[in-house]
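In order of appearance the chains are A, B and C, and numbering begins at 1 in each one.
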Amino acid sequence: MDGPSRPGDPHDDQATRNYLEHIAALHRDWDELESRGDDSVQLSRRARSALSEAVRADARHGARVDMPPTHIGPYTLTELALRTLIRDTIDDIDGVVSLRTTIDYDPGRGWNSRGLPRRVECHISAVETTPDLPGLAEQVRSAVRGACARELDLPDLPIDVHIEDLHEH
Amino acid sequence: MNTEPTAAQLIELVVAIPGVAGIEPGIGTSLRALDARIRRTGPHATHFGLHVDHSGGTVTVEVSLDRSRPIRDTVQDIQHTLHNALAATAPESTQWKIRVQSLTTN
Amino acid sequence: MSPPTRRLAELSDRALALRAQDGDPDAFDVLIDRHQGRLFRIAYLVLGDRQDSEDVVQETLLTAWKRLHLLEDPDAVRAWLAQICSRRATDIARRRARRATDAHRPEDLHRHRDPSSRADPAHASEVNAQMRALAQVLATMDPDLRACWTLREIDGMSYRQIAAALDVTESTARGRIARARTHVIDYMKEWR
């Protein structure tokens, strides 16, 4: 008899039978209270949503990316923060909308970490009236490279720009 | 008297730095904060978003930055501020682990 | 394209664990919903304190999210969560039991008082009365007995699973559960 306690074993004495029925009744009560959202048998609603929020935020952030240290010490950016920086930089250019950025990294130290960024791929949409698409791509490249140098002390990062789409003004 | 500032006080200092949008706790410091609460270890070492690890020689803080200044300048100021605040109690070898969790967009 | 949350709720623990390992927080959310109540009851019956139990359960689930990639058997996610939770709760209970018998320690004077105070009657009444009564009975027992009993009667684990979860032999688990049961049965006689 290796499953959870259940009433009905003929060798139990009365006290044991009462006990087992009592336990079973508790489960029925607690399960019902829980399904009704009663906080007396489970995490408070506040704790449940704080938990959920922490997990979602972590999923959004992605891995931690090593940055060149300041002269006081090391720091990291989340993948999310890094992509945000690049996306904002691209969006600030007239006639360009950032679609997607992918980044190659040096190997990280652990499962949720990445080494220094090694290469950046920017997928963008350009306004269809752009007279000089290669020139625009070069503008994007230069802006992103500049931002990485200025903000993160990551100069000379190889940047590939892919114009994937044209949009109306 | 050299009493170490509490985690909450350190956070106040960090949040006052230009370029810092706020503390943004990650799972790492959240676990430490929960652990500290269970152990009743007091308000000093840990709060959601900040953790002073004396034995490991590290100070970890998790922040969100705005775009008003270059990221590395803000980070350096955070490290500088914490270094000064903890100068009396943190050894020179202390590692400052600033984790930028997110950037608030313009 | 992810299925809507309603359909996620119909997936098995195994499927949810796999999706969560793949980085899907919605899938992990369903796992939270499904298991947090039972984990809370396990922690509370071992610890007897609402705030501590909430903290332990939050720790358990955050740790699980962080270490999901280490879970080799996605089928076993329920037992894995119960293991993390019960071990943590038991460690804390053991530590407290030891401190209670220590000579008075100066650092206890500076214990951090959580503002959501345990002494607050309104707070105390937030736990189901029967759970409270049971926790009081269990509090008279050794934490190790509490843990074994709780995993058996609250989580429905087999003796083998309990042994694995608490890192003891199966016969140790059986013995502890038998002793704990006797204790609870004795108290129940008095309730009548």
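The working rule: contacts are C-beta pairs under 8 Å (C-beta built on N, C-alpha and C of every residue); 3 or more make two chains touch, one makes a residue touch a chain.
What you see is a predicted model, and the numbers here were worked out from it, not measured in a lab.
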| item | value |
| --- | --- |
| Pair with more cross-chain C-beta pairs in contact, given A-B and B-C | A-B |
| Distance-maximising chain from subunit C - centres being C-alpha averages | B |
| Computed distance of Cα centres, subunit C from subunit A, in Å | 28 |
| Centre distance in Å when subunit A and subunit B are each reduced to the mean of their C-alpha atoms | 21 |
| Distance from subunit C to subunit B - Cα centre to Cα centre, in angstrom | 31 |
| Contacts with two or more other chains, residues of subunit B listed in rising order | 27, 30 |
| Residues of subunit A touching at least two other chains | 54-55, 58 |
| Touching two or more other chains - residue numbers and ranges from subunit C | 58, 62, 65-66 |
| Residue numbers on subunit C that touch subunit B, as the complex places them | 51-52, 55-56, 58-59, 62-63, 65-66, 92, 110-112, 114 |
| Subunit B-facing residues of subunit A, complex | 54-55, 57-58, 61, 64, 67-68, 70-78, 80-81, 84-85, 88, 150-153 |
| In the complex, subunit A residues that touch subunit C | 2-5, 15-16, 18-19, 22-23, 26, 29-30, 33-34, 38-44, 47-48, 50-52, 54-56, 58-59, 111-112 |
| Interface residues, subunit C side, partner subunit A - complex | 23-25, 28-29, 32-33, 36-37, 40-41, 54, 57-58, 61-62, 65-66, 69, 126-128, 130-131, 134, 152-153, 156-160, 181, 184-185, 188-189 |
| Subunit B residues within the subunit C interface of the complex | 27, 30-31, 34-35, 37-38, 40-43 |
